[in-house]
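Both of the next two complexes hold subunit A, though its partner changes from subunit B to subunit C.
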Partner chain A sequence: MKVDRRSFLGLGLGAAAGIAVSPIGMKLTDDSSIWTQNWPWTPVPVDGEVSYENSVCSLCPGSCGISIRKIDGRPVKIEGLADYPINDGGACLHGIAGLQYLYDPARVKTPLKKNGDKFEEISWDDAIAYVADKLGDIRKSGAPEKLACIVGKDQGSVSGLFKRLLKTFGSSNFYTMPSLESYLELTAATLHGEGETISFDLENASFVLSFGAGIIEGWGSPVNCFKANASRKQRHAKLYQIEPRLSNTAANADKWIPVKPGTEADLALGICAVILKNKLFDSTATANFKGGLNKFGALLQKDYTPSKTAEITGVKASDIEKIAILFAKAKMPVAVFGKGRGDGAQSLKELVAVHTLNCLVGNINKKGGAFVQPKTNYLEFPDESMDSIAGKGFGKTKIGPYVNQLVERVNASSEPVVEALFVYNANPCHSLHDSKNAKQAIGKIPFVVSFSSFLDETAMEADIILPSHTFIERLEDVPSGGGLAKTVVGLTKPIVEPLFNTKNPGDAILLIAKALEGNIAKSFEWESYEECLEGVTSGIWDSLSEEGFAIISEGIPSGSAKVNISFLAKNPLTVQAQGDFALTLIPIDNMRLISAGVAASPFAIKTVSDKVLMGRDIVVEINPLTAKGLKDGGSATLTTPIGTARVKVNFDEGIMPGVIGMVEGLGHTFDNKYVSNKGINVNDLIGPVIESGSGLDAAFGIKAKISKA
Partner chain B sequence: MSEIENKAENGSTESAGECTAGEAKDDKGLGLGVIFFIVAFVACFLSGTLLFPKLLYSKKEQPFNFDHELHAGETGDCETCHSVREDGSFTGIPKLATCLDCHTEEPLGETEDEAVFTEEYVSKEKEVPWYVYSRQPDSVFFSHVAHTQAAGMDCVSCHGHIGESTSSRVYEENRLTGYSRDIWGKNIFGIKKHSWDRMKMDDCAVCHKEETGHQGYCFQCHK
Partner chain C sequence: MKQENNKAYKFGMVVDLDKCTGCGSCMVSCMSENNVPFKDDESDKKKSITWMRVYKLTNGKAFPDTQVVYMPRPCQHCSGKGGHGHSPCVSVCPATATDYGHDTGIVSQIYTRCFGCRYCMGACPYHARYFNWWDPEWPEGMENYLSPNVSPRMRGVVEKCSFCYHRFQAARDQAYAEGNKDEIAEENYQTACTTACPAGAIVFGDLNNPAHQVHKIVKPDPHPDPRNKHVVGKSRNPKVFRLLERLGTNTKVYYLSEREWVRKAGDNYLDGEWDKIKNHHGAVISHD
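Take a look at the complex of A and B:
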């Protein structure tokens, strides 16, 4: 017998037949189908016991109630909390994606101290001792006012503790970032008197005249505004939206009134003029006016006739008259101010002019109108213990009225105006106009302490970072804001054990205060922030801890409000955009992005349309009439007096000719690959323009030119 | 006949003779081929049946031995440890907290396994990383409560007599899918003698057909 080809053929066939009859084929086919249906690299949520915990979201001033679904104690989902007095079950995309902040790659995991250009890890004890040592030196030098502090907003007990630390240290240099809440208070202070604030009853108004307020773009308390807007059709209420571009709010409105950027105040005054001339105002309401109503009226009839206003604003004279009549004759009209999200640059002239409309038609403290009432202060801090250094330093005037002036003074001075700076819940190096300038100022301050949870643009400039728990890990009182018709204080509760070596910012402040000893330690005698919170909210603590919230005010406030018209009677100047170029660049607020405080989450960034962000390129909106020489979807170079950027162009007839729109909230540069290096920061292209009379940064945009790249 | 023709005939005769001789040789060659075939067939069939499962499954020991019989005897039923939550979901293998309803940091018994349990897990407050013999792939939804409470099935129908075992058997993990061997069944051909021998989709369908008259729809389990 001879082994030949046929033997090998037999061998091969035998092997094939043997394998075919064996279970290998059947089993591997089955296994590969299971494998492909359950890719092992796809994360699968772990199974376990489901539980729900209630808390309050503090990502924006909306302060919505949230319900966090947990599996075996691990939070997996955030949903809106049903029956919560602000959002009643609703939630926005930032809120539902809130858990991503817990695992953010840019989180600061332990206290960091800068050594040269790099951060080094340091223990909490060493970090607190280091901060106390540095601050002690400043205090010993006799200039405690050289400690400054920038916080996101002046609300809640944590902000209160920062303010208290500064006061007992001896400094009045406490600053907040621009916010709708501060603009509401400033407008109320100008028209009605100090200590008052304004809110809007959007849920009941029958005619909403919005001067650029992005009611469905994240203005005010976003979920509440979404709900109020959604019910508008059922209530047969009208919304007229005045702004230079067809925003989502404008597209959703009954009428969009395009207005030249920065002339909203003039339009409001033009409408006031028609109301006064045609005697459409409420005479009972105007009886409460003082400060020169006649002078104001005369000024309007001279400078703000419909034709003159039409020339300034680009709105037809007949339309101005029509809007004025509709507004004045509406059953429950309300004029709403605060362009975009309401937390960017605003002109006091505009805010006051718009609110004067409310005052004229007599809808103050009436259903569906504007509510004017004293600011709520539910916090009862015990009196501070002040020593002579504290008293002397605190008595000195602030470096400037607002954070913009602080930046300006620090940059302008050769001597350090500020020796040490605390930054909490704010990212001025990204969200202030001319952010490079802000970065330079913060870099110039010898000792910067950041309390950020993330290594963001401002934290990168810090000398030491005392990382805070995220809102999912900490206890805090969160008062509602954003012009909501009722005031609700919610309690944010720790839903999980802190993931990293972070602290509640309240506890960090207590530790610093105790380490500073003397009158400062005496003013902070609480054992922990929790004890402090319970003490300072004692009036509402039972409700806060049991219900999760406390309603401070609800319903229509009683009484009428006095109106002092003197600010407008003096005919303040309208702010002009910086520069000489032909076009105007304006920032756009987009619901899917966040322009102040934290950056938008990776999930939210993913939802941004490619008409806004194409790959890594930011897309600007421009009217085809203005876009001569440019190609739709093509690249262009955008130049403003303070910067140049390469952008993509989107031809859009929904933006007025002569205007370029660029979204806010992109262009982050910190170490989070899901969020950073996407688009550019519009604040790198727009510089601040300080409004005379108010001191506010009122830059509604900047002059710009655009050419093919 | 011409010379050429003769040559041709001779040639053909020769070639015919060679051909015959060749056929005889081929028969022998075929015989060897058959032997090769059979050898290869048997070798491959046996490796596919005996060796392949050994390669496909990796063997893993449980963290320590668990005596079901002892525990079931102490508690009297399965539900004490494997309970259904208020929302109807099944707890599966109990968490450490459930064990601690009876156990403490002091060992309850004298076995080595009890010592491992208390030292490694109870005192360190660490969950025991049990391998689950009956875990279905993630693409499968299964409700215990619908079967045990609504349909009144007993645990044994699917899980067999694990409640009577005195020690934990070796867990075999499919290297390709990562799931337990128990889903396909111990028998590599998929032959089963008892209802609990195999837990593939067809097994669900057969029982559903018998009990409800319909094998069920895809989305009922693959949501």
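Take a look at the complex of A and C:
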């Protein structure tokens, strides 16, 4: 066939028209688009039957009820549990992201033993035998008190088992990390007597005067506090927030009162002075005062007049008087203490001064006030079996009152003051002030046993790691804490079979005790932790196992509380920041990060603002007035007496001039690229300052300077 | 079995900015519910996929008069000018990968149809859409927590908030199973961010249903705004506002605040313009 111009064009146009009309082109495009999206590495989650299981989150003292959605037994989502007496359906971001801890790349999958610089896998039997052998040697040497233990908090049966092991071994060196619970007890002990504790009825208070308590920053029982705060509007209640920076709590409050860092105690005393001077106190309440109310009053009228207090704190004298009158005349006022989350460094002077406000206006054990009542104890451990070594060792005084002194003594001494250390549910190498110092101390202790689920900073310093189940895999009693007006014990239940070769820390302790034989084994005659838990919680076990929780105390406690004012009447000194630079660096508690215990999850880190973390750089807050020579968003060198760091700066009008704010909870160094090697740990820049009289680390910050990098 | 939808829902949300604490629970609940991935560095927020993102707004005043408010921003599920379903993104999508559900008011996103042109991202005035520049990756074992209700996305597609559409489907199925095909109970369809919020700041429901909490708070005007006929569903609650309302995108996410500066932050105003507008803003219009 001859191809002429006409037929060529005809064929060409025909073909073009045909292709245009045919679905082939569309089909191929569509297919290629689908094909390029069906990569085998894009996971296709398997469908299945949906079920829900209830448990309790134990990531923080909040102890919220959680509901876990499962697909064919595979947990896919954690949500708040409706009608649970603490959180009633709400949940915080860390709890919701809880499943990420289960599959955390930094999890310790099997017992590890350190050989040189490296960890080697070891079986549970060998690990327990090794620990028992080491401990046996210490006991034989006649110095059982050289076994020490650091736990996150002294609550619940697992901590109870650690304490019991130490006691029967012959050591009183049981330490807890700083926690709001311990501060509440210490404040109560100072003002009301040993064995008491304090809680706050935030849900009903009509006027909350918060001295830096991050009520929506994770303070106390976070979700409960969120709820109490959210209901403020309906209840026409007021919140006044006193702190150096515009935290989320300050931003949400009815009034933010900026105060110079570390002068909160003085402000509280200044308010006390106005209340006393103007006779705004409750005279039936002050009738319960002893220990020198007159002396205390005279001291206040001398040293804490509104004008003097104004000079110290930076709050106007007229405002101090106004606040005092508002507070004293409010129907249900409550003053709340515990800066930030309340689990960092605190000064006893400040805690006691703030709580004295509650005592003065007579809101103790009244609706919307502060509750003072004996510590609840629902655990009934049988008596320990003590042999002579145990009795003698346990009778010796502790190395120091708090974990800071333990670190100090270990570092200062050339002889080992501690031969062996247990660390459970705590990460002192990251969360203590001057964390490098803590790391050095832990490194110096000859034998460190970590019970961590993750290879965190402290676990890395350990000689042996006996990994624990995460809270999704284990059984445990979880009492509520953090100043909650009621006490609820929840039961954390295993939602999945353990993923790895880990154990419930309670079971690990039982195994160690049994391997140690003698009186120690005799004190741990349970077959398993489960049996132990059922035994020691027998009073509430029915409720725990059936309802998932037991309410130990609720409602307004009866009776008034005696108040001993002698601590303040002695006019204790206010702790000053270390160093003599012009600026003050303070740590910031941010709800989206975790400052103590586990690190924040990848999801939580993802929510952190780029004004807090930019790439690998931590961003510090600084008032433009203080930031001379610096550029907003630029790099700077931050120097404190104990360290130097490169930071980025964010000009923020929400922080007092003269103050630099740095977030807590970053700067982790373990093997999880989603959360580690981001920013720096503020505790590397702030050193402890021990308050005389209480022995507490009360460093609210540290003096610092900042210059362009 | 074909399911009939005779009833037109109009799902929407109102966020009480005075209650919002900026805690981030909504963001994480959303990520966990919808299989949103994460990378080792998420600090470049333009590349960080957050269907629900909480913005921090300030009043711009110097210390100590500074104020801050947090504003959660899911997809605004625009109804488009006049409420006819021509939302900015739907109008520009060449692949019909995003569409307006006239029966629900939800703007959908079909990942397998999307070929990644990102016109919709350019069209969205709210930065609610995100592009997958990389394939999602989970650390070993972590893909075990993925939910089968939402497909994980792949490199090269756009994704955004769906008002947890799978929860709507589940609630609709439940309603059918209970023989009540025209009525989804308010509590049976709630988004993951709403149920997670510990402050109770987010209220979600059917804006067409006067019994629903969201309707009671928003009180949407049944008539177009007499000043701008493109604007429909304007709130008759003077404390309630929408973002960039004047564009006529007719978003179904409303915000509530007692504070004037916060309401003013919902749009850009010329000098002096706000004072003229604010009195009308959300004022009751006497059509009914």
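Brief remarks follow.
Criterion: the second predicted complex is superposed on the first by the 669 of 709 C-alpha atoms of A that agree within 3 Å, B and C clash if a C-alpha of one lies under 4 Å from a C-alpha of the other, contacts with A are read in each partner's own complex, and residues count from 1 in each chain.
Note that in this section a contact is a pair of C-beta atoms (placed from the backbone, for glycine too) under 8 Å apart; a residue touches a chain by one contact, two chains touch by 3 or more.
All figures in this text were calculated on a predicted structure; none of them were measured in a lab.
Among subunit B and subunit C, the chain that touches a larger number of residues in subunit A is C.
By the touch criterion defined above, A:A330 lies against neither subunit B nor subunit C after alignment on the C-alpha atoms of chain A. Once the two complexes are laid over each other on the shared chain, residue contacts for A:D47 go to subunit B and to subunit C alike. When the two complexes are overlaid on their common chain A, residue A:A604 makes contact with subunit C while staying clear of subunit B.
By the touch criterion stated above, A:Y103 is placed in contact with subunit C alone, subunit B being left untouched.
Contacts of A:D4 after superposition on the shared chain: subunit B is touched, whereas subunit C is not. In the superposition on chain A, A:Q37 contacts both subunit B and subunit C.
By the touch criterion stated above, A:R74 is placed in contact with subunit C alone, subunit B being left untouched.
Note: residues 34, 37-38, 44, 47 of subunit A belong to the subunit B contact set and to the subunit C contact set alike, using the contact criterion stated above. Contacts from subunit A toward subunit C in the complex involve residues 33-34, 36-39, 41-48, 69, 71, 74-80, 87, 89-93, 96-97, 99-100, 102-105, 216, 222-223, 226-227, 229-230, 233, 246, 248, 251-252, 256, 258, 499, 591-592, 602-611, 613-616, 623, 625, 653-657, 672-674.
Against subunit A, the residues of subunit B that register as touching in their complex are 25-26, 28-49, 52, 56, 85, 87, 89, 91-92, 95, 137-139, 174, 176-179, 184, 188-190, 200. Against subunit A, in their complex, subunit C makes its touches with residues 18-19, 21-25, 27-29, 31-33, 35, 38-45, 48, 50, 54, 56, 58, 61-64, 66-70, 111-113, 115, 135-136, 138-148, 151-157, 192, 195-201. Chain contact summary for the complex, subunit A toward subunit B: residues 1-4, 6-19, 21-24, 26-28, 30-32, 34-35, 37-38, 40, 44, 47, 49-50, 72.
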